[in-house]
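Below is one structure; the comments refer to it alone.
By written order: A, B, C and D. Residues from 1 in each chain.
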């Protein structure tokens, strides 16, 4: 991964009521200040009359200082068009917390990607309710925090977890087969910033033991689903899904084994999209820009 | 499709309690009578202790007359091992009835396969509750029977349909996007012999308007499922499934369009397996031999 | 397919040397004349420094008359930015000629889509070098022209074919498993307007008998490729590909059977993209807009 | 992975000229000695008249001692039917050497599977021509051997590698993106026991820089292929392949990134099949039992 570092870019994600002239307004804003657009993608949800857009432009030679962009954009486009928007910069490296329990496959996969330089991300900590994966964390040089969770201690455990996230300035959380259900309060602190991997093709087989459910039903294809966590279990906006073919010869153990590969690939693709600031949520669904 | 006609083969499908010596018993039966095995596939469901097998052997030079095989097999293997079994002959051409409503894509696809010689099957009739596809049926030279169905006339309509099936000596029925729900009585006449195509990745989105449900949920993959019809709606044994990737750009109409291609391919694969006598049902699931 | 007819839209496909301000220039052109953008997609090939764009906007309320758009656009954007561009209107129905030989599956599939209203396209004629599919053409009510081709008569045959295409004002040609190689002269008359389906995953197994080649090589996946025809055999810009899993159990006949389904689906997707004016060719590759 | 250890099983792989009675002979051999068949799969290559079979039976209660099986089988079946066969026992844990260069993704993936208990395999050593992955090897506690290779030192380097393989009693070698071409002499020592992962959908894009080749050709799907190494580069028997969709938006770097996920999954599936003694080679192709 020996690329020359690309120069920094601004990344703008927008949604607003659809109307004429939106793309022209935004691209004109960028052009007037001498920005060179690297990528632009837009989408209109015709049923709901909502406009979505992601645009990325080079900061080099852009005539507005980085600090001045947000205010200028809001004046010139945001307010006039009632836009909801987020501005990111490509050289800001996001900070990710990894939550796990006992299963190692997603943890290994995520950490190997971070370590090899495939992803631009910091992982300041791993949080788990079991000791099992401490050696894995340590082999990657990442601080491991054990926070046991029982029905009785759940409130304190989440308080401790939230404290850790604040302390380490965590931007988003990845649940890498973390087997606990987060409380609505916890979730509300990281809206659209907690990514879960569920080991089924949602909405089929939500909840517990999806591979057992899949085997029982006799499906010919299994799946995995990565989604943002919301207060309704396994019902948040879907970021990515993939599937794998199975046959009557596959016992539950085989589904579990084949499913692990799906889980890690689907979770990784979702994180990749999130890291690239390519995901917008709307109406409990996602717009995932190309 | 200019093959030389292969000589006729016997096709035996078996399931029974698992125990030692089952394969040896069956293959020995065939060998003793000088049969040449063309294909053998077996499977053991270890959880339920059930043995499944499909074996196909050449009738040429087999020392038992075709008419004598069933009785001999039952004496020598069936009864001693408490087998449930079915015997077919590869040169018996099954007779299929096609039920449809207004949508043409599966009907065209099925009939084109029949006409081109891809499948060895007779289609003595098409039954529909609407007139729309009569010209399609006629262009393929297949008798078209209009049997309108309303809540009030459903009993008589099914009686008429059953009469048609008997009259035309139909072996199995294909519901090619036939929009009516069959009564338990109708279904009980053709157990494991009515094949439906449902336009979702079951068990997700059973019932009505699955593409609308899929769009509403924001899935990234849609599917189609072919299954044998049982009295519980969209819950029968699954024969075949496949999926197709969609994005936020796909409106419901796009899901419908992409889904049509899935539906016809998945239905065709299920019919192909059924025609080859490769499907065994057990515990509301299928064993689909290779 | 009971949609209310959408109002007509202009569809503009552009490529030009990449530089700052291109999107702003085009969207400003549209906005100034009160056009409402329905869809915009763009791409920059950073290696070659080439910008690609497709934009579609409503003609209703657009202040330029349909006839005046081309000239105005060329003045205001095309010439200043050295753009190569094509302008289409969504209500112009393209005219497609279908070339076939003896195999029926793609022909049935294409014609069923046309007849069901899935595609907005006219099919004024079918051309074949064999009589076999005349009944299929006739059952869909489409004039069938037999143009036999032998090495000796190829020049005259192509002259006759070109005459038919001109006479029927054909916009583009689909080779639906048409088994003849077209001459460079023929191809040059319809650049990027002849769509072929090749029964392999190109560039593997170009040329004759690809399923035999695939079986011989022992691949575990077969494919089909739809591409624009160029003078180099099976080497034109790829529009669409798909694959299907096979095993050692699949004989060449099975590859042929499974491959037919791939061929018709892949060809149909390529035609769909072409009909939507979503394909741009550059450097022997395609940009296929979403 | 807390399974109760299944009792040991014998695994027999056979191929021989096809003739009547082969399955009966083998299953009778097992039944006569009171073996309980766990799995049986067979295949006939009708073109070449070759019979293939894999059968697995429980050793518990089998009346032949483990050491006596080979001779007895050869007497009773092997010689009479001119079989070529291999006998394995499920409780013999194979020993795998991992060869790598600088790329870490396959190495991490393979080692994580070994460590988590997904695979029953010993990895006594990792061999590399570069130092880069020493820390990875060490974090998994596996001895790492640097064997640099240059054109001038290749002969000595291979001699050193072969010595290491012998010393560590290695059964098979996995090339996890090992960037060196092995000599015919080296390959001949481990026939059908060196597994390579090639980063293309073979036979397309054999040789160097397949992602560059794929991008240049403008394919819409990329692939990866795992195969046994033979003396002809990238031309050995294919064990497993898989593919991933790409678009014009994907630059070479994106193909490399997407391809890495394919490579590790495809390699892992091939190793899984090899570990299960499910692969037979014949005529430069594989029979991969289910």
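The criterion applied here is as follows: a contact is a pair of C-beta atoms (placed from the backbone, for glycine too) under 8 Å apart; a residue touches a chain by one contact, two chains touch by 3 or more.
What you are looking at is a predicted structure, and each value in this text was computed from that prediction instead of being measured.
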At the largest C-alpha centroid distance from subunit B we find chain A
Compare the two sides of the subunit C and subunit D interface and say whether they are made mostly of the same residue numbers, over half shared, or of different ones.
same
In whole angstrom, what separates the CA-based centres of subunit B and subunit C?
36
Report the inter-chain centroid distance for subunit C and subunit D in whole angstrom, where each centroid is the mean of the CA atoms.
42
Multi-chain contact residues (two or more partners), subunit D
247, 249, 290
List of subunit A residues in touch with subunit B within their complex
43, 45-47, 52, 201-205, 217-221, 223, 237-243, 247-249, 251, 284-288
Show me the residue ranges of subunit A that touch subunit C in the complex, using the header's touch definition.
20-25, 27-28, 30-31, 34-42, 44, 245, 290
For the complex, give me every residue of subunit C touching subunit B.
3, 104-105, 108-109, 112, 115-116, 118, 139-140, 247, 249, 253, 257, 260-261, 265, 268, 290
